[in-house]
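Both of the next two complexes hold subunit A, though its partner changes from subunit B to subunit C.
Let's turn to the complex of A and B:
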């Protein structure tokens, strides 16, 4: 023992791993933590972009204001419905697509490539494409529906509150379902075929195979995908901004869009920052719930 | 030499090289002023490169660094400009509109150019009317006029003729014409309820007597004008069902697709409409109230010299070059708008004459939105949101006007 201790190498400098991490930490500090700190600072001030000489500290004044802001509550309500509908339906469509793409057919590789296209397109292109598909005068959707006799006159899809909201949800479902499809497909391919063979021998139906083998096996993948997508959808505003700009009226306002418009249209960077921080706090709650759930499962 | 020493020596040499060589660089670079200029064109395929080349040839000591900035309905452009000013990284000069002059002045971002204009040979070629419109509230001149448009009424001449009607001059004649042209899936008036639609609304509301001064949006004339405008969609149903969300592209495409009989826009759309409809489309000034006064939007565009510029003289040479005679004509051929110079206007051939005439006939009615920091948000958010709510019946037309009154004077 003593001899072995005498010949042991001298302890290496413990700072070394931190030095290797330092560049990444500095980048994170510069591009994430600093802007977050700046946003918090702005949220505590009445910061209007075109009044840079007059930026008074108002403490929690912006947060007090948003609690009494009718449009904030309206946007929050829309955001909750929006996230539930978009994420939920993207997941269902993605699950069905993944199950289909996991089957064996001769053009499966092509199908797997094609399905990724909506996910690969820039959001602005998607917004513009769907805007013109929904267009009252020259849109292809009205044209097709009239030709099939499903409607007798064009519908102004983006000009009525209910149809505008649903129209954007449909566009977002189309954009986002490939993410679920590809993620779930990757999970499906990790399930051992022996499990299905055993289920067949036990006489399990297709639904029982899905319920007792497939879904439990990909539960973690689904949970992670749902979490990530919830955060992305909750933050997204580009497609709404392009398609309706929040209108007609406030009918397609969501929380990130409201924060964006307050900051970049009203130039109220202080109030816009407070709205953005409120959105972040709500999203942190989602992350916290997920982490708690995941930790509990690990303990079991 | 050990590897560590080699690296240290090489590093030191690399760091020191600029210090050693700097005095040896010829002084030509120091004598060249680079002018950063921000611009936006509706058609991004058009570039001002030929004008820049001509200017740099005439002014060998000045380089122009032209930066095309996305317009994004105005919001993108001004957010970037304001952010650049706050970050002290603004260009030397930039294209600007009157609706943002008050905000730029609030930021101390504009350099008065009265002294420079006084000695500029091209001053007399721009009419006093245009100089006066561009003057700030403090009486100083910050903007160098560059181009303009005036909003007027496009109409389907063949449809009106078939209905036995003349081009509308008054609100009543306008409603009668809209009703006459509304049939089946065709609407008489392509109302713009989406972004930018305030300049279609203003001829009926400001034109009827509304003002942006305290109480001016809730006066009886203002409320009556707004009720009339909203009633075109809600009561008379002479607008497309999509009016609440229609923007510029939708109203122009609807008109080209022969789905509407009248729209309000400026000469910038003339060639596109003529390509689609030929002689079937013509234009007159916007309708007016019975008292004949009326109002329409003067769509301005100028260049401003920014106060943070270190090359003010060079920058002024560039912006005055763009507002001079033939150069201004060449510039407006790129943007599709009208030259501000008297000499340019007389030789203008880019648009059919009837649209140039309609622009000229509209000038006596033309005005601008108030020179207030609140105007930009009014145009981008307050007006479209409250107009759409009124069109959908979520608020009354009078409540809409109270919202606008509160925005400006609350």
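Let's turn to the complex of A and C:
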């Protein structure tokens, strides 16, 4: 903190940055910080929306209840599997795509533009197109798989507990891999060609080049992208909400979805808030690591 | 980079795998658009009829003439534009402060804007609903726009700060020596130079707001229903009318796809600049 403006004597100048920040802070205070404080307050009360006059303080009662709630543990388990599958596979497919796009060929910029498209689409469209493709009666997925002889008769993808979860994972991989592809591609393009030329002279195989030059050079980019995506996927619930609403049964419940449904359909705002806070606490470590990395930029 | 592989090797190691990935990326999107221009008879055919003899615009007519979808499109346009203007309006001065001043609490405040962008939506949306209900902003444009500013403001602040950081400070100082006030510097020097970044950020907010579902669903009713909420309701209402549903999906997806393609190069470099810089 040694910038020149710090040492300027006029007090008006010191006030200026705060004035510039005021509008943004007011908005944030109203729509983020105040609601979060409300959530904490609600989580300590038995707050049910249609009983606004009867909101007893129950301390950590909601959290105690949560520990004994089977659906909570089920949703948490699903969330962990969900995050590792979705983020892991998005990353792998994104990495492969980026490595392919980093080569020179005539339709490269076209491919790059087309691959990015799923990223631009809203969750309801993802839900709509995939629900349509998974359709039991006239869905294109069943048709293709039958034509290739992979299945004998149509499968009700979203109506069975096992296949419903995997079906949503596939839809989410589709939506998220372009992010990894373009981020990793941007990282790949910063690697200097000289490194590869030196490796060629040393007689490195292509696998060795990938293992000892490419991957170490983009490790930082990958780490940031993985952290960011983990947070995003852990928080996201809209695609599941529009595709199955958590069903069949509880088979596609994740933690944010459970918190949302408790509040939205169950009207149990107190308990829903406790679930939301639990999710936040569990994510805090990942957020902390990400923020520390991002904050390195602050002192520029 | 040199490539010592034969054309055949390149076909199997580069062109074919990438073609498969592009097909995977585009397939669902194209399939949605194709469905929207098929007749109901072709949509319901089994085995699937991939290339029908006739195409039709009947679903688009039905959608715009018999449902509220036209109004929903307008609502989404107003909300996304509003979120864009509010986000950029409050973020530009904030970003200027973060970029050009070193003041007490700067680190803390910047970190705060980063952290709140990572908050789970469920942490905010429940009390926000109660709050909006209490102050009568449920089912109003301003209510949803404020809801969308929860992600628009922190995102814009970070993007714009990095764009302004890239403008040399000499420019500000030269203007100051000529007697410009801080506001004049911001308006006459920073604003024109940062305009491309401002447009990119604005388009990203527009797309995100247009696409957003949860806030729009929680905070809207009959009056200001957005396209995403309307589409989800249609799915319940017209459960097997896939022609109508995919027509709505296409009308929602097309504008944002075009906008996104327009800015994608600059957007990616903005989003990844933090990650890629070493």
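By our rule, the second predicted complex is superposed on the first by the 274 of 300 C-alpha atoms of A that agree within 3 Å, B and C clash if a C-alpha of one lies under 4 Å from a C-alpha of the other, contacts with A are read in each partner's own complex, and residues count from 1 in each chain.
Everything that follows uses one rule, which is that contacts are C-beta pairs under 8 Å (C-beta built on N, C-alpha and C of every residue); 3 or more make two chains touch, one makes a residue touch a chain.
What you see is a predicted model, and the numbers here were worked out from it, not measured in a lab.
Student: Will subunit C clash with subunit B on subunit A after the two structures are superposed, or do they fit?
Tutor: The answer is clash.
Student: Contacts for A:210 in the overlay, against subunit B (first) and subunit C (second): which applies, first, second, both or neither?
Tutor: Touch status of A:210: no partner.
Student: After the superposition on A, what does A:92 contact: first (subunit B), second (subunit C), both or neither?
Tutor: In the superposed model, A:92 contacts neither subunit B nor subunit C.
Student: In the superposed arrangement, does subunit B or subunit C reach more residues of subunit A?
Tutor: After superposition, C is the partner touching more of subunit A.
Student: Of the partners subunit B and subunit C, which touch A:60 in the superposed model: first, second, both, neither?
Tutor: A:60 contacts neither subunit B nor subunit C.
Student: Touch test for A:151: subunit B only (first), subunit C only (second), both, or neither?
Tutor: neither
Student: When the two structures are overlaid on chain A, which partner does A:249 contact: first (subunit B), second (subunit C), both, or neither?
Tutor: After superposition on chain A, A:249 lies in contact with subunit B alone.
Student: Report for A:219: first if it touches subunit B alone, second if subunit C alone, otherwise both or neither.
Tutor: After superposition on chain A, A:219 lies in contact with neither partner.
Student: Let me test your reading of the model: by the given contact rule, A:137 touches which partner, first (subunit B), second (subunit C), both or neither?
Tutor: both
Student: Quick check on the superposed pair: does A:264 touch subunit B, subunit C, both, or neither? Answer first, second, both or neither.
Tutor: Both partners.
Student: Which of 97-105, 115-123 or 133-141 in subunit C clashes with subunit B after superposition?
Tutor: 133-141
Student: Shared contact residues on subunit A for subunit B and subunit C?
Tutor: Overlap of subunit B and subunit C footprints on subunit A: residues 49, 135, 137-138, 264.
Student: If we count contacts the way the header does, which residues on subunit C are in touch with subunit A in the complex?
Tutor: Touch residues, subunit C against subunit A: 1-3, 10, 14-15, 17-18, 21-22, 24-26, 28-29, 31-32, 35, 43-48, 86, 89-91, 93-94, 96-98, 100-103, 106-107, 109-116, 118-128, 130-131, 146-147, 149-150, 153-154, 157, 162, 165, 182, 207, 210-214, 218, 228, 231-232, 235, 242, 245-246, 249, 252-253, 256-257, 259-261, 264, 268-269, 271-272, 274-278.
Student: Can you check the complex and tell me which residues of subunit A touch subunit C?
Tutor: 1-3, 5-6, 14, 16-18, 20-21, 23-25, 27-28, 30-36, 38-39, 42, 49, 93, 96-97, 100-101, 103-105, 111, 113-125, 127-133, 135, 137-140, 143, 146-147, 174, 177-178, 182-183, 186-187, 190, 193, 196-197, 200, 220-221, 224-225, 231, 234-235, 237-238, 241-242, 256, 259-260, 263-264, 269, 272-273, 275-277, 279-280, 283, 287, 290-291, 294-295, 297-298, 300
Student: In the complex formed with subunit A, which residues of subunit B make contact?
Tutor: Listed in rising order, the residues of subunit B that touch subunit A are 75, 79, 82-83, 85-86, 103-104, 106-108, 185, 193-195, 240-246, 250, 253-254, 257, 259, 373, 376-377, 380-381, 384-385, 388-389, 391-392, 394.
Student: State the interface residues of subunit A toward subunit B in the complex, per the touch definition above.
Tutor: It comes out as residues 49-53, 135-138, 153-156, 158-161, 164, 244-250, 261, 264-267.
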